[in-house]
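Look at the two complexes coming up: chain A is in both, with chain B in one and chain C in the other.
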Partner chain A sequence: MLEIKDFNFSYSNSPVLRGINLNLKKSEILALTGESGAGKTTLALAIMGLLSGQASGSIIYEGRNLLALPQTELWNYRWNKISMVFQDLEGALNPVLTVGKQVMEPMLEHRLLSIEKAKEKTKKLFKYVGLPEGFCSAYPHNLSGGEKQRVLIAMALSNDPEILIFDEPTSAVDAITRLEIIKIIKKASQNKAILLITHDLTTAYQLADRAAVMYAGRIMELGTGKEIFKEPKHPYTRGLLRSYPTLSTTKDLQGIPGKQEIIERGCPFQNRCTQKIADCGKKTPRLKQFGGRQIACLRGGIVSLLEGENIFKKFGETTALKGVDISLAEGETLALVGESGSGKTTLAKCIMGLEKPDGGKIIFQGKETKERNKELYKDLQLVFQNPRECISHRLNVLETVMEPLNIQRIGTFNERKENAKKALKNVELSASDQFLGMYAHHLSGGEIQRIAIARALVLNPRVLIADEPTSSLDASIQAKIVKLLLKLQEEKGLAMIFITHDIALARKISDRIVVLLGGEKVEEGPTGEIFAKPRHPYTRDLLKTAPNFSPETAYLKPPKNRPEGACVYASRCAEAGEICIIKRPAIFKVGMQKVRCHLYSRNEKEVLHAVNTNRNHTVSL
Partner chain B sequence: MSAKNLSDYLIAFFIIICLNFLLPRTMPGDPLAAIYGEEALLSLTPELKRDLAAQFGLDKPFFEQFLFYLLSLLKGNLGYSYHYEVPVSELLLRAAPWTMLLIGSALIVSTVLGYVLGLESGWQRGNSADKGLLTGLMFLSGFPDFFVGIILLLLFGVSLGLFPISGALTPYMGLTGWSLIKDVLWHLLLPLTSLVIAEVSAIFLLVRSTAVTVLGEPFILTAKAKGIRKRHIKFRHVGKNSLLPLFTRTGIRVGHMITGALFVEIVFAYPGIGLLIYNSVMARDYPVLQGVFFLVAVAVIVCNLAVDLLYRTIDPRVR
Partner chain C sequence: MHINYVNTIKKNSLGITGILLLFFMSLLAFIAPVLAQYSPVEPSTQTLAFPSASHWLGTNDIGQDIFSRLIYGARTSLLIAAGAGSLTAFIGAFLGISAALAGGICEKIIMRAADILLIIPNMVVIILVAAYLRPGIAALILVIAVFGWQGNARVIRSQALSLKERAHVAAAKAFGAGNLYILFKHIIPDLFPLITTSFIYHARRAVFMEAGLAFLGISDPAVISWGTMLNRALDFSYLNNWYWLIPPGAALSITIVSFTFLGYALEETIDLRLGDKNA
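Here is the complex of A and B:
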């Protein structure tokens, strides 16, 4: 319905919008989101023809370029075809005119209706947005914020436009009104094209058919609303989502490092991006199709650092890993949870090259790792479960922490020493000469573990695999270490595989969770989703055992033998049926999770068992 | 109008009455000397002095004096003019209508003119029209009102002989009806013009700056987006909002104008309050000055009250 092509706009030669390509479709809501200063409102005003500055490109509506039209002709489009709900609630209404008059004004101004009919229509519009008719004669100062917002919407609808722009319609209203406004927008969207500008990501998620994320005057990511906010692919979008508190995310809030700056050359986000490469400073990325959505990133969005495919590992007769797939993206935390013996540590060791897998392959930073070498450990580090065993009693603190630098031959001795000291301070340890000279047997378990973490971080690795790194620490030290790791992730894009049996901890630090049981991945999904809707019976049981202050004590049956060719949880599963003992379940996609469980099988026979078990469990597909 | 606002005005009124009572009594020396002046007292016999003191109640205790003063005020007794030898109230009643006519019309003309020009100038901010108006009016406002009066008097009254050079109407003509009105307006025109020239630029600047501010308000953008014609934006949206500070200012201006008219009235020998003040000062006629002070204070209070009431009708926010 409206098409924006290669649109550029600048105020007195400082560019505000660059290379915008967007189109609005009838009966569709396009959400435009991003930090303030990204140019969202400017784009809206440009569509309205209300900007004075240097514009190039075109905004095409009904076959005509609105940018080329003189003001007198634009007058016909304003409010009749394109109208807008302005952001500034307090200022957008004239304080000395009744709101009814202001809603009526455009109908009379464009000579669409007689005064009587306009009055009637105004009343109808007030009803439409959920305001009593009597409010027509109220003045703006008589109304609450939510009521003003409704008046503004009624006003925007007065001439029944085809295109409706909402600028932050929910930012100044309370939660209840917000829902009402969302309802009204949805209602209005039935036969109109809607551009919804909002930094409220949940509103965008609830309303948008498509969403565009803007940064520094450019569109960084464009795709369907549901996908963009559930699975961001641009580092900027992910940063926005991580800074935005919602009830459906459980991970601690993280921001985006740095601030928006004017960047002449290269990617506008380069100064804040944790996966920047040399090219990012030279070439400006354009929106390109990457798997169902458009991303403006030279690296094709968030890069995958680690891929493990179908990893097998046997120890004699026991199969420790039965074909596990794993992936880890830049700046992501993946929590590997599961009981002892589930294969978590083995998987970590296989990835690290400390155990040679019996099948499958492991790709690290785009290259398959066949054997372990020095190069690999520059970017990949591990913190072990038992610190006393992994720190040599022959080395003092300084030598221990400096060791990776020595091996990789990075810097002079003094530089190495400084780096080591910094790493020690980061983990809340002393960097005094006295402490540097101590040996492992002088130190407490907590101190040794922190030394191990310092040693792993001294190289600034891209990926850290941490095997129960905080289980031997006091809760207060654990909190500090976890915060440090998350800070490193925010600032440097550190990716982590966090192996833990502490579900509560995993909930606060991870983006994604993989639940392992008996060497198999039984469930995988975004952390918030897994906690909100655990799908696999084992996951459900596991969540019940997580630390909480509830007076009830959960009980989980101890593991029993697991015959080959059965579900790994069959012997303990309260919902298990016959099929679970006979057949190993395949992996099913349920919501945002992948679950290895027969409950979710589409095959009728298999579903049957789930119905037959006759338990109070809704099985949603 | 809330009771609170009304009581505020009553309090202000009471304070003025008290000040009018206290001021002469706080002056050093004999109160009679303060009222009538040293020269007048010299010619008085002690008996006359005693009589006068008794008449003013000056031989009574302070509180009784205050009550006596209030009672005389209630009766409309503002004292007796030593110079004119008539009651002060009579003098004031004679002069006040002329001043009201002069100031009232000057207030209206300067406000309307300043508003229209200011709105236009603010709307066309930066244009040649705006620059021309701004420069012209700033230039005019540089002249004091009496100077403008003298120039007008010399040019149109003396040299060209188009207008009368003194008074408020042609004496001894016994004019009535329409010809009286014409005569009054004819006399009024020059003093009115000088007052308007002196006053208009302040209003112009106020309205212009308000209009410029209002033009930056988001609701103006809303109106533009709504496709409202420029003319309608200018009057309906900018114009109405620019009225608000103008009203406030007008209330304050009244008091200032009454005294400001003094010079113009002297220049044109216009028989208003200003001329009365001048003559009374010359004659040290303190009772008359006290009366004028009282009248001006009351007038300012009444005007502010009126502005307050009017403001309510144009700004819904203070209703």
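Here is the complex of A and C:
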């Protein structure tokens, strides 16, 4: 319906919008999000023809370039064909006219209706936006913010335009009114093309058919609304989502480092991006198709740092890992949860190359790690589960923390010492000479744990695998360490595999959760989803046992032997049926999760079989 | 647990006694040319003299000064102790660590060789070899070391095998450390107390062995040795020559006791319960 092509705009030679390509379709809502200053409103005003500045490119509506039209021609389009709900409620309404008159104004101005009919329509419009008719004669100062917002919507709808632009319609209203407004917008969208400008990501998620994320005058990511906010692929989109509190995400808030700056060359986001490479400073990324959506990133969006495919590990007779797949993106935290013996540590060791997997591939930064060299470990680090043992009794604190730098031969002795001291301060430890000279047996468990963490971080790795890094710490220090790790993630894009049996902690720090049991991945999904809708019976049981202040105590059955070819949870599962002891379930995609359970089988018979059996019937093995 | 070995030994009275005795013997050996008024090898007409102001411990059957021979004998004993002790410890450590780290066929060969040497009574072998070769000091050191490393190598190997699997070695690997780094920065330093103990043990054994061979008369007769002195003295025991017999015996005992005390003290300090008992 409306097409924006290569649109550039600048105010007095400082560019505000660059290379915008967008189109609006009938009965579709396109959401435009991004930080303030991204150029969202400027784009809206440009469509309305309300800007004076240097514009290039074209905005094509009904075959004509709106940018080339004189104001008199634009007048025909404005409000008749394209209208807008302005952001500034107070400024948009005239305080000396009643709101009814103001809603009537466009109809009368364009001489579409007689006064009588216009009054009639105004009443209808008020009803449409959920205001009582009597409000027609009210003055703007009589109305609340939400009511003013509705008046503005009524005004925008007055000439029944084809294109409707909403600029932050929900930012000034409370949650209940917000829902009402969302309903109105949805209703209006049925026969109109809607451009919804909002920094409120949940509104965008609830309304948008498509969404575009803008940054510094460029579109960074464009895709369907449902996908873009559930699985952001551009680092900026992810940053936005992480800074935005919602009830469906559980991870602690993280911001985007740095601030928006005018960048002449290269990617506009380069100064805040954690996965920047040399090319980002030279070439400007254009929107390109990457897996079902458009992303403006030279690296193709958030890069995958680590992939494990079908990792097998046997220790004699026992199979510790039965073909586990794992993936980790830049700046992501993956929590590996599960009871002891589920294969969490073995998986970590296989990734680190401390154990040789019996099958499968491990790909780190795009390369399969067959031969492991020193360079690899600069970027891949592990915090061991038992810190006291992983520190040599012959090394003092300084030597311990410096050891990775010595091995990697980074810097001079003094630089190494400074780096080690910095790393110690980062984990809230003293860097005094006295402390540096202490030995492991002089220190408390918490101190040693922090030294182990400092030691792993002193190399500035891209990926940190942390095996129960905070289990020996008291809660206050655990909180500090976890915050430090999240801060490093925010600033440097540190990706983490966080191995823990503390599912409550996993909830606060992870983006995704992988639940392991008996060497198998039984469930995987975004952390918020797993907590909201745990799918695998084991995950559900695990959540019941998580630390909370509830008076009820949940007990899990102890693990029993797990025969080959059965579901790993069959012997303990309250929902197990016969199929569960006969056949190992495949992985099924349920919602946003992947679950290895017969309950979600697409094969109807299997599901029925699993569900119909007596729930209290315990499977004897 | 981090141990400050020097401090711990200082507190150990056995260790202190051992060190003092060893120091005393070493001092005698070191300043032997100053102390000795007579050449230890030059015969004289004054044979079988009773201790006197001119000959503190008398003279032997061919008129050599016993005191001079005693302190020069200390040189031989201690040289062989140091040489054979360190060579045995080195061979044992080298082969033990190699076996543990290399594994595979290399480990098999080394350990089977050690097993073979363990079942052969090496004292007998050394006597036979020495009787055949009539070795000088260097050759004797070599013979003692070549037939003495096996027990040591076994202990070191087993300890290295367990060290190799320790978490702090895994941690070093996780920082990208290569095998050489792990060997020199982690495994050898951790084995050092064990290697030291084996050095002391083998030094003591070498002193004993050298004296024994010389006593049996199957070493190089040109070497001044307490064993030879004892042998000769016994030939003349009907003359009631205690002044000739006792000093080398006492010196030998003191040296061996000093090494033994030091060894005990070290073992107590380290408490690895890995005393090298099977060599």
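One rule holds for everything that comes next: the second predicted complex is superposed on the first by the 609 of 621 C-alpha atoms of A that agree within 3 Å, B and C clash if a C-alpha of one lies under 4 Å from a C-alpha of the other, contacts with A are read in each partner's own complex, and residues count from 1 in each chain.
In this section, a residue touches a chain if its C-beta (ideal position, glycine included) is under 8 Å from a C-beta of that chain, and two chains touch if they have at least 3 such contacts.
It should be emphasised that the depicted structure is a prediction, and the values quoted were computed from it without experimental measurement.
Engineer: Quick one: chain B and chain C on chain A, clash or fit?
Structural biologist: Chain B and chain C fit side by side in the superposed model.
Engineer: Classify the contacts of A:376 with the two partner chains as first (chain B alone), second (chain C alone), both, or neither.
Structural biologist: Touch status of A:376: second partner only.
Engineer: Between chain B and chain C, whom does A:498 touch in the aligned arrangement: first, second, both, or neither?
Structural biologist: neither
Engineer: Examine A:408 and indicate which partner it touches, taking first as chain B and second as chain C; both and neither are also allowed.
Structural biologist: Second partner only.
Engineer: State whether A:94 touches chain B only (first), chain C only (second), both chains, or neither.
Structural biologist: A:94: touches chain B, not chain C.
Engineer: Could you say whether A:394 touches chain B, chain C, both of them, or neither, answering first, second, both or neither?
Structural biologist: second
Engineer: Give one of first, second, both or neither to describe whether A:205 is in contact with chain B, with chain C, with both, or with none.
Structural biologist: After superposing on A, A:205 lies clear of both chain B and chain C.
Engineer: After the superposition on A, what does A:215 contact: first (chain B), second (chain C), both or neither?
Structural biologist: In the superposition, A:215 contacts neither chain B nor chain C.
Engineer: Using the superposition on chain A described above, determine whether A:135 touches chain B (first), chain C (second), both, or neither.
Structural biologist: After superposing on A, A:135 lies clear of both chain B and chain C.
Engineer: May I ask for the angle at the C-alpha centre of chain A between those of chain B and chain C, rounded to a multiple of 10 degrees?
Structural biologist: The C-alpha centres give an angle of about 130 degrees at chain A.
Engineer: Between chain B and chain C, what minimal C-alpha to C-alpha distance in angstrom results from the superposition?
Structural biologist: 61
Engineer: Just to be sure I follow: which residues of chain A are touched by chain B in one complex and then by chain C in the other one?
Structural biologist: none
Engineer: Can you check the complex and tell me which residues of chain B touch chain A?
Structural biologist: 217-219, 221-229, 232, 236-237, 240-241, 244, 314-317
Engineer: Quick check: in the complex, which residue numbers of chain A touch chain C?
Structural biologist: 352-354, 373-378, 381-382, 384, 386, 389-394, 403-404, 407-408, 439-441, 455, 459
Engineer: Name, in rising order, each residue of chain A that touches chain B in their complex.
Structural biologist: Against chain B, the touching part of chain A is residues 48, 50, 75-80, 83-84, 86, 88, 91-98, 105-106, 109-110, 139, 141-142, 155.
Engineer: Taking the touch rule as given, give the residues of chain C at its contact with chain A in the complex, in rising order.
Structural biologist: Residues 1-2, 166-168, 170-178, 181, 186, 189-190 of chain C touch chain A in their complex.
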